[in-house]
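Take a look at these structures.
Presented sequentially are two complexes of chain A, the first with chain B as partner and the second with chain C.
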Partner chain A sequence: MNQAITAPPTVAVDHLRLAYGNKPVLDNLRWQLQPGQVVGLLGRNGAGKTSLLESLLGLRDGTTGTVRLFGQPLDRLDDATRARIGYAPQHSDLFEWMTPAQLLAYFKSFYPRWNDAKVDALLDRWAIDREMPIGKLSGGEQQRLSIIRALGHEPDLLVLDEPVASLDPAGRRDFLQELVEQVIVRGTTVIFSTHILSDLERVAFHVGFLSGGRIIVQAPLDELMEGTRSLVGPQQALQQAARTRGWQVLGESPLADGRARMLARAGSDAPPSSLAGIEVSSVTLEDLFMGLTR
Partner chain B sequence: MTTDPTAHFSIVTGSAEPIYRQLAEQVKRRIAAGQLAPGDEMPSVRELAQALAVNPMTVSKAYSQLEAQGVLERRRGLSMVVAARAGPAPRVSDRAELLRPTLERAAIEAHQLGLSEARALALFKTILQETQPADAP
Partner chain C sequence: MSAAFNGLPQWRQLQPVLRSAWRALRILRKWTTLLLILAIGVPLLTMTIDDLPPQRVLRVLAHLMTAVALAVALCVWTVFAFNLLRQNDARSAALVPGHVRTLRLAMVGAAFGLAIVCAALGLWPAWPFVPTLLAVMALCAATVCAMRWTWLWLAFPVAIVLALSAARAGALAPLRWVWHEMPLGLTAAVLSSAVLALRAVVFTGHAGHATSQGQLALIAASYQGRVSHARQNFFVGFDRGWASMTLRLYGAWLRRTLARPGRSVGARLALGAGPQAHWSGVLSNVTFGVALTLLLLAVCELLPEPTGFGLRSGMVATFAMVSLQASLQIPPALWGSRREQALLLLLPGAPRGAALNRWLFVRLAATQLASTLCQLIAVALVVRALDADAALVRVATISLAATSLTPLLVLWLWRDWSRAGAPSGIPFGAMFGAMLVAGGLAAAWVLWLERPWYELLALTLLVLAPLAWWRWQRLSRWPAAWPVGRLG
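After this line comes the complex of A and B, so read on.
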């Protein structure tokens, strides 16, 4: 991980915009990922997570702004850099008439490097029939095959869009272990989006929240949980406390009788454990998700 | 029979306690209870990360914090071991204090649920009996 000092960011996005008709999806978005970071991307349905991931990879028309991967502008990536990227889409349009063996041989031909031993081991471990037409595999098997395809060339940047949506809890655990054992320990930069917060909590060291077309917060999850408190009390007292103490207000929702619930992140100081007239409690990842995404 | 050194660790997700802190507290509790002695070796970061399916940096953070607190020390090479203790084994009252954060959370929830003190204590007693390890004295 020492390369982080000299290497350019693996992903650097600036002024990224995308609109569908008049509806902005990504709005002047800035985002950076350093080499080796494992970032969980969170946002509500329709927040634009898939649009963002596809835009990063040049798969989305109509975007403006700049995207650089490994320091190279997206529209001028050389082949060697392209080969460092792996992507497992949410809905993979795998070639249904092919068999897994044919599909993997086809993808192998695109890459200078391909780890046959790893691909074979994963096909065995996940019990995927190499000779069955892909269209006849279950949703979970197709999703696993898509992940194997994204891992075969041992990418340095791995983008996973809802990788576990079709997997049962055992399949998800197995996938997470694979991700830790084979991908994260190699120092691969990983972005993955998911709605399954428990998986994200295990594997993502950093979390990024996409809301209103921007990454509104990105931080190590531990620090975010330890620095943020949920506060309930008179709205005026809460706002006063936030101002004088310099808290970053991450979310605020009114309750009855002039009271409110506020999600506030303390600066460098430790967050308060108690305040007169205000109920202070620590937060879970779910609290953060509810407060930070709209 | 070999015992897997990672088997003593477990984590819960969805908690307000970050995973690295859960791991650190487990090590402290097991030392306080005498289940870990000075010189005992911790599983490697990689082993524990794989066994629990958590990010290795999270395990690393737990170990670093314990090292900074003098609970673990880094042996030549990479392995972490329980630090040699300066004083005698911790007293029962110190060990009990380690339970406080968990019980405080339970107490708050008991109040929220409107449980009486007697009802909450009776439940805790039942759970203590139900979860007693078979080999306990």
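After this line comes the complex of A and C, so read on.
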């Protein structure tokens, strides 16, 4: 435990900026992930999730700011540190000219550690033909193979960019089961972006919302859900209540007749279950997503 | 959509049709460039060694220019046909059905238009108008059929060679008799056959096109630097043999490399960029080019003189073109595998920054030089095997001299890959242009300066050495080469 506290953050991002032409994608972004954290990264389409994940791994040019992985600057990662990173990109149709067996043998040849038993078990469980060219596999099979490749060397940091986008419900359940039973239990730090909120609720212990080029909120999922309320009432009354009670306003949208809907997160106090003249209700992750990434 | 479309004036309907043809041209840019340059370059190279009497020059020039115009027209037609096949397929179609109908009508109109233009141009070298028109129509129909059934690409050259031989041997006399006795009947037969062939491809868009769509998609993918197994079953004839030979050699090398844990990271990393960017893929394609040229040379041996000599000379001159393979193949292949390169950069031991640039520099140089060496050996062996006469030896020497200049093309491979863009036709056209210039220089070296080809090779390497040093120095300042062009 003490070791976990003294260990450097697995990911430390400071003042990260990235722009495509004149359009800023990441704007002075600061982010830290501690060892063992499992973070679901949420954001609208085009919010820059993929850009952020690729920038974390040094795959994007034109970024400014600093990124450190396991305490090492990104541009000076040693081989031992690189061996601790696993990445499954959004595009899984890669290495189409190889067979799964060739691909896994190829990647195995680079890593000092490779869990053959786990790889074989996953190939069997997910019924992937080892000798069929990857180009002939279905999109879901390619994505599963991409995940197996990323897990094979048992990384300490696993970056998954929309890992379940092409999977059917059964495939998603299998993948999440694997993630919980085998990966998270080992203390692996996991970042994964997804649009499927129900999956995120089943796996992620933390959620991060990316909007406007920044991580606007990152918190443990349970804490965020329990501490956040949807408030509907007169706009001025809502703002007054938020100010006096020290709530963090996560989002506010006007309604008719001078009323408004506010997403507010209580501080250390328990959130109110009722307020005079204000409708108070608990929120779902979807409410949070809609409110925070507007 | 359809009602709105029907309300548009006819000329407005043609706009999206022409835009779709432009997109098809962009997909096929490399192929059309290759056809154009071969159509122009090979006769020119052949002419450089032909001692023409001055009075024949104008006449030969007229034939040549008309033949080139015909080749250009066929290239344009091929692009049209490719575009139509794309529009017939739901996955690649960019036009609404109404536009496709317009495109089909435009295709038939273009076939007649091209035939009339070519027949009119043929009047300059005194080609008969109607037979030329019919021949162009037949060629247009044949081209379309060959895009639908790709094995015909192999059958047609053989048929043309056989027809040329038959013409020389007087075996086409019955056809001439039919032409003289029943010109209208023969005209009707050719035109109706052409229309039927066009109808089979142009006017239908049913599921029967799935095979040709698969083949075309694979061809387009290979020209964009990707190798896919997805539709390999559709790949027939030489194309299939070519693709599977490349993959087989690459696969064998992959197995061999992975079986030896001591192999360097660089050797393993190079395999990750795919067979088209790997030396095994380049050399297997060079081998294929050499084999194809040898096959055509063997066919030329069967032809009577002077046709046989002319074609043999052209084929030997074409050998030099095969050495362009590395420079043509590697840039789009590296572009096509840039997402894979991003993953490779995360692997332990993978070089980064300047180290990556230097590693790639050496790899690409070795591949280009090996490709050139294969060409030199092939031409030397062919000349020896042919027991050629003095004129053919002279052509072969020019070819060797032109090949000796190709190591300079490695400069094209030693560039700032981080800024490379998507494959484009312009550099390929420029490269073929450079090859034509190289052919001219080589001809001057051999014919006027009367120097041996290997001196030109030595001179080339001498020039290349300081250029390589200059580039090597710049490598450390350039951004990392991978992922090529960066992810977007």
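Basically, the second predicted complex is superposed on the first by the 291 of 294 C-alpha atoms of A that agree within 3 Å, B and C clash if a C-alpha of one lies under 4 Å from a C-alpha of the other, contacts with A are read in each partner's own complex, and residues count from 1 in each chain.
What we mean here is this: a contact is a pair of C-beta atoms (placed from the backbone, for glycine too) under 8 Å apart; a residue touches a chain by one contact, two chains touch by 3 or more.
Worth saying up front: this structure is predicted, and the values here are computed from it rather than measured.
Three-chain overlay on chain A, with chain B and chain C fitting side by side and no clash. Touch criterion not met for A:123: it reaches neither chain B nor chain C.
Of the two partner chains placed by superposition, only chain B is touched by A:184; chain C is not.
In the overlay built on the shared chain, the residue A:109 is in contact with chain C alone; chain B does not reach it. Once the two complexes are laid over each other on the shared chain, residue contacts for A:205 go to chain B alone; chain C is not touched. In the superposition on chain A, A:151 makes contact with neither chain B nor chain C. With both structures placed on the common chain, the touch criterion links A:98 to chain C but leaves chain B unconnected.
After the superposition on chain A, the angle chain B-chain A-chain C between C-alpha centres rounds to 140°, nearest 10. Legend: residue contacts after superposition of the two complexes on their common chain; A:57 is shown touching chain C, with no touch to chain B. By the touch criterion stated above, A:18 is placed in contact with neither chain B nor chain C. By the touch criterion defined above, A:38 reaches chain B but does not reach chain C.
Here the smallest spacing between CA atoms of chain B and those of chain C, following superposition, is 28 Å. Overlap of the chain B and chain C interfaces on chain A: none, as no residue is touched by both.
Touching chain C in their complex are the following residues of chain A: 54, 57-61, 75, 79-80, 82-83, 85, 87, 89, 91, 94-98, 102, 105-107, 109-112, 133-136. Of all residues in chain A, only 38, 173, 176-177, 180-181, 184-185, 197-198, 201-205, 221-222, 225-226, 281-287 touch chain B in the complex they form. Contact residues on chain C toward chain A in their complex (touch as defined above): 226-230, 232, 247, 250-251, 254-255, 258, 261, 265, 268, 271-272, 274-275, 339-340, 342-343, 345-350, 352-353, 418, 479, 483, 486-487. By the touch rule above, chain B contacts chain A in their complex via residues 11, 13-21, 46, 49-50, 52-58, 61.
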